[in-house]
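Quick heads-up: structures coming right below.
Next come two complexes, and both contain chain A; in the first it sits with chain B, in the second with chain C.
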Partner chain A sequence: MSAVLADMPDSVAPETTKAIAPSKGGRPWTFYVLATLFSLYVIALYGPMFCIYILSFQDIRGGLVFPMKGHSLHWFVDLFTQVRTGDVKGSFDRSIKLAVIVTIITVAVSFLAGLGFRKRFCGDTFVFYMMIGSLVAPGLVLGLGTGLLFQALGLNASWYTSALGAQLSWTLPFGVLVMFAVMSRFDHVWEEAAYDLGASRWQSIRLVMITVLAPGLVAVALFGFTLSYDEFARSLQTAGSLNTLPLEIWSMTLNVTSPSLYALGTVTTIVSFIVIGASLGSIVLIQKKRGSRVRG
Partner chain B sequence: MQPSPSSAQTPPRANLAGWLYVSPLVLVLVPFFVAPILVVLAASFFATDGFGGLTPDFTLASYIDVLHSALTLKLYLATIKFTALTWVFTLIIGFFVAYFLVFHVRNQLLAIGLFLLCTVPFWTSNIIRMISWIPLLGKEGLINQALLALGVIRQPLEVLLFSDLAVVIAYVHQLTIFMIVPIFNSMARIDKKLIEAAIDAGASRFDIMRLIVVPMSKSGIALGTIFVVSIVMGDFFVVKVMSGGGSASVVSAFYEDVGVLQYPTAAASAVLLTLVLVAIVSLILRTVDIRQEITR
Partner chain C sequence: MKSDRGDIELAGVCKSFDGITNVVDGVNLKIADGAYCCFIGPSGCGKTTILRMIAGHEDPTAGEIVIGGQNVVGLAPVQRRTAMMFQSYALFPHLTVRENIAFALRVRGQSKTDRLRAADAMIEKVRLTQFADRLPAQLSGGQQQRVALARAAITEPRVLLLDEPLSALDEQLRVQMRQELRRMQRELGITFIHVTHTQLEAIALADLVVVMEQGKIKQAGAARDVYAHPHDRYVAEFMGGQNVLSGRVEKVNGASFTLAQAAPDGIEVPLQARSTVKVGDKVDIAVRRDDVELVRPGRELPTGCTTSLPSRVLAIEYQGYFVKVMLDTVPDDEFVAYVPEKTFFADPFTVGDVVMATWATGSALPLA
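Right after this comes the complex of A and B.
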């Protein structure tokens, strides 16, 4: 994902990346086989998700499987008004706030780390592998460790301290990896040109790097927000007494057997889609603006 | 990222600047990745009163417990089974989807669009995507309904949901994207001229695949494997929900242990799992320089 977002500006233009099928002219038979495979994959990817969106709009008789029983918004109302489904509203609120904080920190820290990793320095490999370790370590184990650590230090675990840190240990490696992909397409020459024209280090970062890398930074923000908003394993032992949304969903999967579960799925996916749409949209917008400025 | 001389020759100033840039990253990873891992390691040597209280101690009792239990072997075999099956399916699907996008879709913009289509679900909730299989696979789900209607089966199949099959389906559904992205990335770097030259020289489709595409996608396959293996081995909620409690993995047993406050046993099992994971990942890393790959 990272690479393609970073790729978007470049891959449209240069000719070396022009797609060339193995043979020109007529499509080889493999094209049809693979096109079928691809379509099946996409159907399997989205099909089940759409099933639960559809099923969440049933009326009060609704069950967990097809066929649809009536149409209404009953289960959405149920979700936000009933006590037995838990504190959906509160956890929703917390998850959004937490995701925003995580996004801001992830963008800032990943950007700085991306700058740092451009040149080799003593110990850079160590930091790099620490990051990879943080990425591949089992989330539940890390969460437990963080929870025990807070307990040992006499601190209270809560969503804005321990869970925030636990989530950052997950979003930052992704953010930095995306930054790598983005930075590798940044030409040093631009920065040097800025220095030659008398820019200070801060000016060159603010006016040249951040401006040029803006689409990449949006991509990092997208990762930060969505990974935090949907994070589950690392938050489980670190969120303290108040749940985040994925934890709420988790407890619902264990004891709620009504379409409210699907309604919650629909609501949270709508939020994800809004964030994804806004991010991709702003990347495209930035690119377009740039294109027209160059031409005009 | 620029290839640069070995770090031994870097001037101290560059070292300082490098560390300054990555210091925020380190300041997050040390308390929320390194420290929790050390806490879990320490807890594995502690004694317990059985009620969640930990007594600082140095005993190998928990390790002996874990290693002596017949359950441990069963859990590891189950985990390895799930990992292997998921790896095979995600690799096959991921490889051919990436191959289709890179070599068969001639319009670059369309290829990026289709690629994004594959990646969007990655930014939505994993739990929701997992439970979205319930209306399809359940006893009264769509697949059973369809098979009954077609007369293929007389009684609804019960193995579809809450079984090992459902677990593997959910894993493949969630994780194929982790294969597609890195493989797509490395395939996109293959110079199309190379393939045309091979065709001109009389290579068959199979030869091109065997001698050019697969070897040159190796780094992407390795990266994808690291993601898939570490996520499946560290997962517990897919196993718990999709198997209906019928199957367990190392981490789901860890989760149960934590639930009954058996911290030292849980910690010892977590340490063992981490060692296994580190061994697998470093084995994969020996075949590919991941940092070179990402930053190139």
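Right after this comes the complex of A and C.
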């Protein structure tokens, strides 16, 4: 997500400066102050991460701190072949599967909640505040509680039951909040028009609502996926005997003392970027598809 | 469903949203098949609610809505064979002009080629052929309106309902689209019901003008009837073009009565068939602004004028083909004379001049 947010000021900044100082003459001194501030912000944002990425490309002599010793892909190979680095592949698989399940549930429930909250109903504010409440509840405590509850009920904690539930308590309120923002741009007179033209409820949802809201639904999905993919606090006590990826990384920081750890950081970042890229790409594609029919 | 007729009858229609106040309060009205009917009134008078009840987007709390001889309360818009054009047009933003217009056929399960052919024919009718593949956001207001009209008309409704269709357009376009609406109505030959708050729009378009206030119909009739013969003070003031004066009846003499006013001899008003007045009654009368003539004091009154009210000119507005002269004739009400441009400039008044306001006695109209 941070990448998406950081991209925005990058592309917006030149526009704004243009608006302040119309081309020709030199830029005002405020431009240089703000540009410096922005550069510092970008360095602070990406600097620490880049340290990790750079150090992951050392050769076999590499250590955990600068200076960098040689360059190779040794630690990436090490990561996937050495048993002592832990079950990276297994936990990565679990994390992706879990994130996909969380995403599907989050999108479905958020969309339905968006539909439900179109009209006021008895107790709607109560439901809304209950939901926000679960956002502010401390994740570790909530995870601990979920773990305890499962134990008390005699159920086995595992990533696809208790951890799924604990993560949903985090992704659903987020998803619903994003959905509210998306829905606020949906004009309900479109639904009325569809009804007037003879569309059934289901046709109106499928042909009008979902298609108009598609980019927003992709955004909700992206939220669900990334929030689940790096969720740590709530999963810690609920994942059971098999770790998710963030838990695996955390346990590695305790016992792995090689740049494999950094290689893992690089790999997970790449996965994150692929997911974000795919989401933004699909939004652009949806919009392009609408645009292309214009030309066709 | 059997009938193709689009005549509408509202019988005792009431609508209440909170169970306490009636937004629409016992409306009875008959609209002929193929008529152009305009509902007019200030915002909140219930005109849009009536439209939405005829359209099937609201259910009446009481009363019957009959279209083509069939009570349609509780039926969906498609079953009523009505179509609505929404105030903001409500075009689907993700669909092109062609797909927007074909939407109704799509949800009816028509094949793609059939529905697109039908849509193209309709697009030609509203002269949008070169814009068929555009999205609504890429169209001007007038073009969007035509798309909305085509999208509603493709369902072959027997009644088309238009909710303030011209309010989103600028003045020039409004006049142009007004003509286009009338043309479409003639071409389709179906009943149009049009809600507006602009009296000019209503009288320019409608066969039947319905003036509303607070959920009730104040007057319904032909445009000329409503404008020239308003039923009461409210209609006269709302439709405009009238001066309304009130006073007590001084004496009743045969075919006319005299109203006590600032004038030396009172105001003589012809007694209409419907009004029975007694001495001492408080009565409102209306005098058309373009019937008022202004004469300098001491000059002779034009023939047929028996009343003259001394007034001072408060303000003058040049309006092109006429001049609007505002007077202090009556203490609390506005009194305005529309003087033809040529007459005015033959002997122009200035603000502060004292004039006599007069009119042909026969043109004064007693109000209910």
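Here is the rule we use: the second predicted complex is superposed on the first by the 260 of 296 C-alpha atoms of A that agree within 3 Å, B and C clash if a C-alpha of one lies under 4 Å from a C-alpha of the other, contacts with A are read in each partner's own complex, and residues count from 1 in each chain.
The rule is short, and it goes like this: a residue touches a chain if its C-beta (ideal position, glycine included) is under 8 Å from a C-beta of that chain, and two chains touch if they have at least 3 such contacts.
Please read all numbers here as calculations on a predicted model, not as lab measurements.
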Joint occupancy of chain A by chain B and chain C, clash or fit: fit
Touching partner for A:P138 - first (chain B), second (chain C), both, neither: first
Touching partner for A:S56 - first (chain B), second (chain C), both, neither: neither
First (chain B), second (chain C), both or neither touched by A:D124: first
Partner chain in contact with A:L197 - chain B first, chain C second, else both or neither: second
First, second, both or neither for A:I276, with chain B first and chain C second: first
Partner with the higher number of touched chain A residues, chain C or chain B: B
Partner chain(s) touched by A:L207 [first = chain B, second = chain C, both, neither]: second
Which of chain B and chain C A:F232 touches, first, second, both or neither: first
Touching partner for A:V189 - first (chain B), second (chain C), both, neither: second
Shortest CA-CA distance in Å separating chain B from chain C in the superposed model: 7
Touching both chain B and chain C, residues of chain A: none
Complex contact set, residues of chain A against chain B: 1-4, 7-8, 11-12, 16-23, 27-28, 30-31, 34-35, 37-38, 41-42, 44-49, 51-52, 55, 64-66, 105, 108-110, 112-113, 115-125, 127-128, 130-146, 148-149, 152, 165-166, 168-169, 172, 176-177, 180-181, 183-184, 188, 222, 226, 229-230, 232-233, 237, 246, 249-250, 253, 261, 264-265, 268-269, 272-273, 275-276, 280
Chain A-facing residues of chain C, complex: 55-57, 76-78, 83-84, 86, 88, 90-94, 96, 103-104, 106-108, 133-135, 138, 151-152, 155
Contact footprint of chain A on chain B as seen in their complex: 1-2, 4-7, 10, 14-15, 17-22, 24-26, 28-29, 31-40, 43, 93, 96-97, 99-109, 111-112, 114-129, 131-136, 138, 140-142, 145, 173, 176-177, 181, 184-185, 188, 191-192, 195-196, 199, 205, 208, 226-227, 230, 233-237, 241, 251, 254-255, 258, 263, 266-267, 270, 273-274, 277, 281, 290-291, 294-296
Of chain A, residues touching chain C in the complex: 187, 189-190, 192-200, 203, 207-208, 211-212, 290, 293-296
